[in-house]
């Protein structure tokens, strides 16, 4: 994709945005950045600015980070000196007909965008991008599992709850590392899929009965299935890891109270930012290409 | 499941039905069989009969084979001395309120069943059972690929078209055997999934351009995507294998005309009949359990 | 390697020799062939001849097939119209200072070679080449296992005896295909290696006690470890496959007498001849390169 | 193994020794410990003592930790309040005919042992135990690689130097995680083995030429093969990890000077201490069993 006439603002985020900015500049666009760390040598075509307003001034596209918008309406931008609120004033800076591409917007942003005729494109629930982030998420989980347990994954009895996009990838990876993986799912189709992938499948209601034999338990479902009954059945000081979107599937407070090592893997930050940034850019670029096609 | 009062007829099929009959008898039911080979020692509770009519006489359940019904209305029963036509006369033999469980029925059978108040339960499109048959289908494909090629799967450049239930399992297995697997799919979500599984993903329209570098090509999609243009681009005497349901995805006649080794893997008969029979029984048993629950 | 001045005779063998001849000709050498099938289009630089004598006339190198020399002194050459005996008369045809490269010679050939000042280079026991042939041997074993059993490899309980070059590769491949692999070996180092590769290791003396739980048994050791006691303990009609060099590790006659499916996998001929021929050529080429270096 | 009459001293070490002490006590022996952390509930049969002398008093066996003896002669015992020197005074405490089992002794200890008629059994170079520790070492390397790089292992181009016990296991694991693994080794047999395991093999002298394409480099050989020339060719800020025994294969100081992330993985302490402790105990137990057999 060639975008020599376009101005792209990248505002907020973390190391992943550095890779996104680099790839955006490779299209020939002018890329202005604010609110995330830029390390290493300067990148050709990427211009750091002194404020979110300066970055967005006259931009055709504004890219906001995937973790989305906090309850107070500000962007995810832990390295920014001040909170970044994408309000009407900021949106007014954009070029006419501009588009904001982001993970997920909120009511306030939608209203401001409508007022200023700014298009919003959300991609948090893009399954393709979720899959492309999958290996980074799974490797992050492996890192924690290795650091936090007294046994190897190899030859361990491991539980995984859920066989959706992440559960499936995690379970298969644990099998390849030599674990005996017990896969718990309500859906018999998911259990059959898990069997094909080398897991031992169980209906979800067998989890409390099987828990005593597990030395690690990973949950990938967004509803509270790993409850106190399961947690009490696990061996002392087990690793329990929640990989689901909030509210997650594990009662982590109860887990900690019972002496387990309880980890919410979603909150653990930077993981393979170059790989993940590149995968996000592939989704952003496809959306920009469609918009540009509509304009020409 | 305990079915000591029930009579189950198993009519038509092949070695898979032997395992189904054995497992059906393990419920305590009386099992009568006709029209498929019974080898080895007699099985307790399984009674071979002299005709389909005798097998079905007073039966509560009749199990017909998964390959379904031919154009002339007869069952798949290659070992039967005569064709088996499940007509009104045969259905009249069943016990009142009986159920026929089979892969797929046809119009004629539906009509006869309605007349005699026989319930029909079809399970050919049960995804769980298709997955449970998956390893048998994939291993059958491996057997042919090993027998029909001059190179090892290990280190070969292999193409797979489609990343559905079977395509996904086949591609992953080939990756684990050391092949470099090029996965062709229209759907970007399937391509992302393939990337996670270690394949090199390509949009489907890249297949003609990539074909010259492949030494085996497997198709798992039911539409004609491996056409003459692709076949002409493949190296001489390549293996092309179609694993899709009819009409399949490969023009096998054109493939043979061009000197390729062209195989329709679905037509290759017996594969791990004990494993496959057991997986079919798991689906049949679940359906019987639901019916029995309704009766009690 | 460039050998434009050299004449290479390829005498005896099977489809593998066709690939060897093709690769030999790619060095620029004149390649003369006799006693094995040549299919497909003519290969540039490869000249079929009418007799072994004609092929060897004035040759600098003669390549004989790896299966070695029969008890009567003739080469392995199933497609040859007559037996090929590499006697003094035939060796006298070679150029002065010629070298015969072959799997393994016998006493008669060694004597004839000494008389005519022909060098003999044997490579049957070259571990590198044995490993490079490994995937072809393992895939051949998979093909038979899939064809000859009623269950899938996936989820089967499988026994492998020995964890040397072939045993190790076979066991790991079966693990990746989803089998539960029981590895039997005397050597605790081999058992530890098998454990790392995902097998369940057992001392060899546990084989009789474990046999009843296996549905396939592969032996890769050249001594008679799978004896009548083990064979009697296996389930009826098990697959037992011997992959070892003669005399092998399984009493195949006893196995057949007991109703098992007994296969001597070494005797099953053609397997991935292009891959195997290329790996053999890599070993032959290295030996030629050393000889040429000595000459220059 | 039943050792109800024996006294076993476990002196020095880390969390691994806790598992060793627990398993030693499971034989019925009296186990006295000093110089390593004991966490969790008290273990039946394991008696913590106030000094190394008290632990060893009248013991039949003394178990010293595997990391061996420092230049000043003291044991590896980071959690001990004072250094533990196994000198003549300490050895004199042991029961007559006692045995010290340890990784590796030094000249001073050998002399003291000879004086007091104490047997020394070293097992650092036991290949079986090295293999059994292999998964823990490899998982430790994975943890670091995931934490220290900006890309996923999946789909990365990764270099591994050496294909011995650890190199082989590491390379295979990285392949299964989806990396493209370039394996560098002098020995063509190791390269053939790596090819079978799904790696891209290279002669060692190709490492400098290939380095620019790698994003991680692991070395498992104990000689200095990853020199400044290789390090300068790697991309900026690469991960270089040394898994070899001292002196290791990577010039880590040069690596750090060039801006790489350089890690000596052997020095990273606790990894799966329960698994590793259990594997060490299996080796210790076998040696004790042999000694006991000699006594009876």
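Per-chain residue numbering starts at 1, and chain names A, B, C and D are given in the order in which the chains are listed.
FYI, a residue touches a chain if its C-beta (ideal position, glycine included) is under 8 Å from a C-beta of that chain, and two chains touch if they have at least 3 such contacts.
Quantities reported herein were computed from a predicted structural model and do not represent experimental measurements.
Engineer: Report which of B-D and A-B is connected by more C-beta pairs in contact.
Structural biologist: Greater number of contacting C-beta pairs: A-B.
Engineer: Since chain B and chain C are copies that touch, just let me know if over half of their interface numbering is common to both, same, or not, different.
Structural biologist: same
Engineer: Could you find the chain whose CA centre sits the greatest distance from that of chain A?
Structural biologist: It is C.
Engineer: Averaging over Cα atoms per chain, report the distance between chain B and chain D in Å.
Structural biologist: 51
Engineer: How far is the middle of chain B from the middle of chain C, if each middle is the mean of its Cα atoms, in Å?
Structural biologist: 36
Engineer: Round to the nearest whole Å and give the separation of the Cα centres of chain A and chain B.
Structural biologist: Here chain A and chain B have centroids separated by 39 Å.
Engineer: Name the residues of chain D that each touch 2 or more other chains.
Structural biologist: 135, 154-155, 178, 195-196
Engineer: Where on chain A does chain B make contact in their complex?
Structural biologist: Touching chain B: residues 127-129, 131-132, 134-135, 169, 172, 188-189, 191-193, 195-197 of chain A.
Engineer: State the interface residues of chain D toward chain A in the complex, per the touch definition above.
Structural biologist: Those in contact with chain A are residues 15, 40, 135-136, 139-140, 142-143, 146-147, 149-155, 173, 176-178, 236-237, 271-275.
Engineer: So in the complex, which bits of chain D are touching chain B?
Structural biologist: 154-155, 178, 195-196, 198
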